[in-house]
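So, here come the structures, one by one.
What follows is a pair of complexes built around chain A, which joins chain B in one and chain C in the other.
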Partner chain A sequence: MGNGSKLKVEICLGTTCFILGASELQDLAQYLEPELLDRVDIIGRTCLGFCKDRKFDGAPFVRLDESIVIERATVARVTEKIKAMLKEKDAE
Partner chain B sequence: MTSEKTPTYELPSPEETFVEIECCSRTKTGETACGDDFRSVRIADEGRHIAVLSDGLGSGIKASLLSNMTTTMALEFVRRNMEIVQSAEIIMDTLPVCEYRKISYATFTVFDLLPGGLTRVVEMDNPPFIHLRNGHDLKWPADILFSERWPDRKLAISKFRMVQGDRLIAFSDGVTQAGLGSDACKFGWRREGALAYIQKLVDADPLISARELSERVVAEACTKNPQHRCIDDISCLVIYLRKPRRLRLLTGPPFNQEDDRDFAETVLNFDGHTIICGGTTANLVARELGRSISTDLKLIKYCGGLPPPSKLPGVDLVTEGILTLTECVRRLESGEYRDAPLPVSNIITFLLESDVIEFIVGTKVNEAHQDPRLPVDLEIRRNIIKKMSGILEDKYRKKVMIQYF
Partner chain C sequence: MPSMNNAAERVRRELLIRVIRGELDGTLDQEIDRIPIVMRPSDQPASRCCIYKDRAVLKYRLMGILGFGVEDETDEAKPLREYLAEARLRREPPKEVLSVAPVACYGCIESHYVITNACRACFARPCTFSCPKQAITVGPKQAEIDHSKCIDCGKCTTVCPYKAIIRVPIPCEEACPTGAIRKDESGREWINFDTCISCGKCLKACPFSAVLERSQIIEVIRAMKEGRRVVAMVAPAIIGQFPATLEQLAEGLRKAGFSDMLEVASGAELTARNEAKEFFERMERGDHLMTSSCCPAYVEAVRKLIPEMRKFVSATPSPMGYSGRLAKERDPECVTVFIGPCVAKRKEACSDPNVDYVMTFEELGALFAAREINLGTLEGLKLEREADPYARGFGAGCGVTAAILHEMSAGEGQTPPKIDGKLINPLDRKNMRLLKLHALGKLPGNFLEVMACEGGCVGGPCALVDAEKGGAAVRKLAREE
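Moving on, here comes the complex of A and B:
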């Protein structure tokens, strides 16, 4: 993998997510502080399928470390969550 | 419900020849209308293709009117197999007389391609056409016919047989007279100059499409002129008899999930290019074929507000679905696709470089698209494809079929 220690940030670029905000999220790298940016691996994804799952509240979706799904994601919410997860990782 | 899987008509067998007809025109600098006109028709039930290029006297609206009337009439008369001298007389009688020059005039070249390669060319005063086979300019004897009523006009009629790989090229005098009076070509580029350039292009790329060849000839003609301006309307018509280039475009997941495998396998062992438009569709194909998709976020800046294209091994292009296809339709309809966002221009390039286009459309409705927060003009996939195939057939002379899953 090479990026084993980095936090994986997957941005859904499916039609629904894209219209509802992923078009901004795809520029996430521009908004992150350099020290955060170094610790994440941002990846664009074709539809992750969460929009078809009633369990979730709404697009756009971002997935962190293949487990945490952020609903109605915004740059601010994703950044906040990344910070929290990195803090947890550091504490481990 | 059973899915409708029968193609709307039989696809041509791989040995069959596709007749690609393309014309590139540039308007004289400073004019609003092009004085050259091109028109073509494919008569499916007769297996016949007719293409006409006309250059109207002068330039601008007046010339445009003359050439438009000429191509319209010529196309119709030839299609109805009318006697050619009589047809030319009707055209000349009908064209309005120029108030300054006191003549009515537009040149024309008609290419009439019948099944089996039999070809008839009717020319009136355009630069002589080129019949290119294996890089050679074939010369055919022409019958010269005169009109009794218009003794100064003569028609040249040649008949010959074309084979796969042949090209027919006609141009307006904007090509042959490009650069006229300049030091490099005192008498213009001339037919010889254009022919040598065409031979060089075909030698470098023996499968160059009619579209690209016509565009390159016109672009080169412009470079002969001072400041690369168009000192006249410049047009080049190319007909290329070739093995059909095929494209298969998949979009939308199948209505029944049990058809996913069959649907995904349509990208395998296909003699042509394949495109997938739709993230869910791409995921489905990747899953069924055990391959993985990658998306390069660095491409975003070229995507003009659309999701970036992705890669899937074995597929030539993967893009988002509805938004990208909607933009493709808009661009194809207006003809302004040169500065289109990356995924759109990628799709359009594939579409235009293909002769036979097969749409494989999954009809499952994406429930997420019914979210009331989404704009109402988020089109239904089937409608977009129906519209796109109509434009490709009518405006871009493609053979199109739609298969629903």
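Moving on, here comes the complex of A and C:
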């Protein structure tokens, strides 16, 4: 139930994530179905800090609800995870 | 169209980050031969037939980053660190830009028509009737094409009620506007440099990432390490390529090791002004046509393949040319680096004494990542000088014409000649033919803006964001919208 608490989707737009694929993730909202879109808060961030200590292998990073970190994020993978998490929420 | 979601691009960028980081740290000698192994460890699935092939391909890609092509390989066993040592000593940038890595080239089958299993071996069989060469016969299950008879006319594809016949292209050959990339007997692709215009379309088109460009990044880092004043001349298309403002880019570039940022749009102002003047003079003297000259792939195309057009190409230097001049006038000792989305600029720079090196946006992005510079968090530096908004529009299609029109309307007192401008974009085979006709005076229009890449420079092979988004950002800054 989309009551009040929306799923927080933080997309890293730090330079490293950006050049390794986040430039496409910027448009995530365009690809989400309207029902999903209503239930998420998409926020662009400048560097979530995961690329520190030269660990860029996982970039681009997306963080869901402050807890789940998606590595090598793509629109498809993020959408899938969002769906799964919303389902879990609904079940609660 | 999301192009970033593409394994080939990612690998290219990851390799760049690793090389740049190693070279900045001074540890690249020890690391470089290990990079293919680190990136393709034996406990992970291969993306080609096996990890050994993956690694071999990575080695060629690394050679490209060091500035070497397949053509420079004399001994397959030569380690990358030896190439690196040579690259560090190199004083002249490589003459040719593109190369095809043999192991990576999949050897796509000759472009051809294929009858897919959607064929029902129907009763009407329009394909057999439409074929002018009787190359199609229908078997019990489906139709078949006799390739020794097929002339690739494609008539069968249009008449099949099931749309069962498709054409399978060779992506690089399809993308090449001049037919410079071709197979040898063994099936692998080679570039014929007599007709190659370095546009880089094959680089973008190859799904096996087999085409590589010779980079100059080692030389740029060397200049920085030697403590030289290295000026970053950024193409107008840069806006929108990074999540940052021009001011933030200026600061980021400073942090990345450049001494200053010079907007190539400043050079574009001079190009627009002088090209407008030149147009006026040419029309006065009775020419029927003038074309822009800022796209180096187009200029190469004319030089090599459209001799009829030579006398109509504007002689005004390109924005990069003027920018190089401006930088060297200010400080003859400085090292100038053009940074853009373009492969062909490398070629133009070879014959311009004022432009020392060329980098791509992709390489710049990798440099930022290697130095862990986060543009979005920077305050930004105040620009020394704001370039003219019209000149900033050069990076997107019609930008050149708009700037010239602006210049002409600002002209002192004279009545400017009527300009009938046409945009020729992108440079493909059809447009190559059109250009010929324009040169012969068979088509209307007296000013042609020719841009090899779709949507203008923003659609260049080494851009970071797609052409539409990049173009919108450029136009916004140019206040065209």
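The criterion applied here is as follows: the second predicted complex is superposed on the first by the 83 of 92 C-alpha atoms of A that agree within 3 Å, B and C clash if a C-alpha of one lies under 4 Å from a C-alpha of the other, contacts with A are read in each partner's own complex, and residues count from 1 in each chain.
In this section, a residue touches a chain if its C-beta (ideal position, glycine included) is under 8 Å from a C-beta of that chain, and two chains touch if they have at least 3 such contacts.
If you're wondering where the values come from, they're calculated on a predicted model, not measured in any experiment.
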First, second, both or neither for A:77, with chain B first and chain C second: neither
Touching partner for A:58 - first (chain B), second (chain C), both, neither: first
Touching partner for A:47 - first (chain B), second (chain C), both, neither: both
First, second, both or neither for A:19, with chain B first and chain C second: both
First (chain B), second (chain C), both or neither touched by A:6: neither
Partner chain(s) touched by A:39 [first = chain B, second = chain C, both, neither]: neither
Touching partner for A:29 - first (chain B), second (chain C), both, neither: first
On chain A, the residue positions that both chain B and chain C contact, one per complex: 13-16, 18-20, 23, 26-27, 44, 46-47, 51-52
Touching residues (chain side chain C, partner chain A) in the complex: 2-5, 10, 13-14, 17, 21, 242-243, 252, 362, 365-366, 368-369, 372-377, 464-465
For the chain A and chain C complex, residues of the former touching the latter: 13-16, 18-21, 23-24, 26-27, 44, 46-47, 51-52, 54, 56-57, 74-75
Touching residues (chain side chain A, partner chain B) in the complex: 11, 13-16, 18-20, 22-23, 26-27, 29, 42-47, 49, 51-52, 58-59
Touching residues (chain side chain B, partner chain A) in the complex: 278-280, 282-283, 293, 295-297, 300, 305-308, 310, 318, 320-323, 366-369, 371, 373-375, 378
